[in-house]
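Below you will find the structure I want to go over with you.
Per-chain numbering from 1; labels A, B, C and D assigned in written order.
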Amino acid sequence: METAFSSRFSVLLKSQVLELERIREDFPILKRKVKGKRLVYLDNAATTQKPRRVIDALVDYYERYNANAHRSLHTLGIEATEEFEKSRRGAAEFIHASPREIVFTRGTTESINLVRFAWGEDQIKKGDTILLTLMEHHSNIVPWQLAAKRSGAVLKFVELDSQGRLKMDEMEEAIERSPRLVGVTQCSNVLGTINDVARICRRAKKAGALSVVDAAQSVPHMPVSVGEVGCDFLAFSGHKMLGPTGIGVLYGRRELLEEMAPFQGGGEMIREVHLDGAKWNDVPYKFEAGTADIAGAIGLLAAIEYLSEIGMEKVRRHDLELQRYAIEALKGVRGLQLYGPERAEERSGVVSFNLADVHPHDLATILDGEGIEIRSGHHCAQPLMEWLGVSATSRASFHVYNSYDDIDALKAGLEKAKEVFGL
Amino acid sequence: METAFSSRFSVLLKSQVLELERIREDFPILKRKVKGKRLVYLDNAATTQKPRRVIDALVDYYERYNANAHRSLHTLGIEATEEFEKSRRGAAEFIHASPREIVFTRGTTESINLVRFAWGEDQIKKGDTILLTLMEHHSNIVPWQLAAKRSGAVLKFVELDSQGRLKMDEMEEAIERSPRLVGVTQCSNVLGTINDVARICRRAKKAGALSVVDAAQSVPHMPVSVGEVGCDFLAFSGHKMLGPTGIGVLYGRRELLEEMAPFQGGGEMIREVHLDGAKWNDVPYKFEAGTADIAGAIGLLAAIEYLSEIGMEKVRRHDLELQRYAIEALKGVRGLQLYGPERAEERSGVVSFNLADVHPHDLATILDGEGIEIRSGHHCAQPLMEWLGVSATSRASFHVYNSYDDIDALKAGLEKAKEVFGL
Amino acid sequence: MSAEIYKEIILDYYRHPRNYGKLENYDISARDSNPLCGDEIEMRIKVSDGGKIGEIKFQGKGCAISQASASMLTEFAKEKPLDWVKDLSKEDVLKLLGNPDLGPARIKCALLGLKVIKTGVYQYLGAKLEDPSAGE
Amino acid sequence: MSAEIYKEIILDYYRHPRNYGKLENYDISARDSNPLCGDEIEMRIKVSDGGKIGEIKFQGKGCAISQASASMLTEFAKEKPLDWVKDLSKEDVLKLLGNPDLGPARIKCALLGLKVIKTGVYQYLGAKLEDPSAGE
């Protein structure tokens, strides 16, 4: 019966969404064994694996045209600069922004901190409200706690309904009360919940509030257009979208970037430096002090090209199929509690759960013995854990190379864990 | 005559300092041609080339154990965490610090900005003096200009003598007047000047001033021990020491790091997050918000191992030999003005110059036509340019793979430039 | 690090932790958490005459390894002199757990209780040294 | 990008820049620098009756390419109507320089003067539009 179920889905998956075998071939790590078993990598919300094309782009840079960008006028320097800026254009195109609006950072976390420092330090005042949600990642909470402490602003967190969806009426009411800033994640990294950020940003704009969208889990998994979202800032990380570590993006609306003070000081972000002061460079360079992660940017472009060739609509559909299949499969495991929205359409490729009294860390260890890599813990979302009333959850998260077989393996692993724990 | 001169040095170089041919084999990019000519890469102060070992370390990470560090309890996550922390220990050992004192950053610039924000925001007060030197890189000027503007502190710049050496008496006098902070570069990236940072830091400590050493050009080129330097903070970049882009180090004295506020907020830097506040993680993690450049750190370790196997004393001696040879060679070019100390012992592997009325950019372009890559411009040190009374200089800078042949090529290129400009 | 480490005895201590609870009357109290996984242990000790561990209880939340090892440790420590805690080693704790092959990540779970008991006892002994009324 | 771009004429304009200096009496003034290399150009223009470029002078520092192209541009622009500046193109400047193959980095040097003259003229024309006393 289970086989029939699985194969019905598989047919669909193979024929309609992705050429899975070909894609899996592109990821060298998938050949690796863990504890003698086939690697089943289901920790993609933490970081994704890299296709050969991304690795090759890094090697090519280091072996053929490694040089500092925007500094040296020699052939290597010019080639490095060209490729670096081509990456910026690629990132801009990917989210339908202009290259001038793309600031390279280390990742989502630095992107949000940049907004906190460069915009927030001047703009957030005593008594202001910073509106967040209970499902934010620490990187969209802690910077604002620090800003609030410094300025005397107050934080307010919008609550979730029983399915872990944002209470939109509460959100809209809170926006009516004119917060200074609304920070919201487009997809929860724990619940998978997709938020209607376009609606939230529209309301925020009306109310004169700045909108900051954490797109760490959305840009890697679905088409995202900053025009449609209508946000002021949007942040994401390369390493979660098949790209290298060390590189991320802050999108910022051009006018805002122009008005803002710089963040870090140093080379590249200046136009002129004198003993008694400096003039800033044009945006986005004003926000890119010091040597950037040039290789990282170049690797990110390779990842963006790879994803674009597949097509982000297809990536999203593949996620959806896997999710439906996973939810179905996990519902069949007795003693397992699933978190997040019931309808797959309201979720991205993340499934969180707990199995009876088995602690997620113990579960992760047992699954690891089977070659299955999931994340266990608080997922950098402790306030959400408190709201769920748990100290931790287990989380399986997907990307383009995951298959029904991976989910079947997960299910078998869960059954094994129940055996070990005598359940 | 020139050949005799060259070969006398070459014998010395080959037999006594480095096995140059073997080393050059390790750097894949050196096989590349530029404008049909052998690549003569002399822009190492901007960024260095990478040995195969560093590139392999990156590929190995991405192909074999790519995972987020410090987050996931599965095999891949554990391996990634282990290697990441091994890199921290390697970096610590390299500068004789403790791993707890090593904060991973994007590079020197972020390291100094971290000190500005996490230490300076609380500690620099109105009326305080921030003592710098005229030979600082923008990354050790602009952050302090920003801090001064915010706090009402004043900047003071110690001047240089006619050879571009720090006026130590002026420096010591200025330290007597109890500045809040002394920021000084260990080696000038323009003049090559090596500063006696140990003496400066000793004085600073006595006077109760914090010391920040910019080691971007020293750690890659000579043995550096933070104990001997006696500084509070020391900053350097991976990409200037044969390592990847995207990774750098801030060394901070343990007690200082413990006392300081965090810099960016997000995952990893926290121990607990609640709606009403957070507890910070132990040092150095308190300063590492978000996913680090894990691959970058691992690549940096490979670079450190590579350099350590050569031995930093040898790297320094090789630099010295090249410098002596280069100074000798360039002195023989009529119309060429050299900057910086006369004695090679007082300099690291950087030679700046101007050739008659040929603008450095034009010179760089002409040299590039010969496959010779040098840097031209203000080198992110505009105040120093003003002091030199020029708008730009040309700069040749060395690393382990450079040879006397490279300098002979440079000299020939300069002669060619003179021809083009009718000099 | 796989299923083999979950020996019967560990699961038993996880599900039925000995000395679980909170002493109202205590001399030593310490708490720590593991930043990686969020496991928490708090211990309280009543020192008996003669400087021994009289009563000891722990509370906490976390995985089977961290909770079982803390519980085992409280049983093992009872009636031991405070000084004995100084010599307690990582190996002692692993022996209590039946020497599982925990690997570098999970071993931190196993040693969290040890860290807490040591912290508490050191603080207590340190404070006594500094306390002039102790007459030493 | 190698020695071939340094044609005789470029070096001549570099060493003996035409229209070098600073007008004391001017209607238009603009300045810009190239953040990558620090080259600077400042231009001042005296508008003649009939809205033409009457006098034009430039000052600056930087490489042969940037200084020569700015100087050539001032010569080329003299006596032209202000509107003509709007249509000035990158190709025009490269033609003045003798169409050297500059490559992506150095071309910015060549176009700095163009950027400055356009900025200045646009600002002047823009201000006139806004100026009610201009009666348009």
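Methods note: contacts are C-beta pairs under 8 Å (C-beta built on N, C-alpha and C of every residue); 3 or more make two chains touch, one makes a residue touch a chain.
No experiment lies behind these values; they were computed from the predicted model shown.
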Whole-Å gap between the CA centroids of subunit A and subunit D: 46
Centre-to-centre distance between subunit B and subunit A (centres being mean Cα positions), rounded to whole Å: 32
Distance from subunit D to subunit C - Cα centre to Cα centre, in angstrom: 78
Gap in Å, rounded to a whole number, between the CA centres of subunit C and subunit A: 38
Residues of subunit A touching at least two other chains: 35, 71, 73, 75, 77, 270, 272, 361, 365, 368, 376-377, 382
Subunit C, residues touching no fewer than two other chains: 1, 36-38, 106
Chain contact graph, described as a line, ring, star, complete graph or other shape: other
Complete list of chain pairs which touch one another: A-B, A-C, A-D, B-C, B-D
In the complex, subunit A residues that touch subunit C: 35, 357-362, 365-366, 368-370, 376-378, 382, 391-392, 416-417, 420-422
Residue ranges of subunit C touching subunit A (in the complex, touch as defined): 1-6, 11, 15, 36-40, 61-65, 106, 109
Touching residues on subunit D, where the partner in the complex is subunit A: 1, 33, 35-38, 103-106
Subunit A contact footprint on subunit B (complex, rising order): 28-29, 32, 34-35, 39, 41, 43, 46-47, 49-50, 54-55, 58-59, 62-68, 71-77, 106-110, 112-113, 116-117, 137-139, 141-146, 155, 157, 237, 239, 244-247, 262, 264-270, 272-275, 277-278, 289-296, 361, 364-365, 367-368, 372-377, 380, 382-383, 386
Subunit D contact footprint on subunit A (complex, rising order): 70-71, 73, 75, 77-78, 81-82, 270-272, 281-282, 285
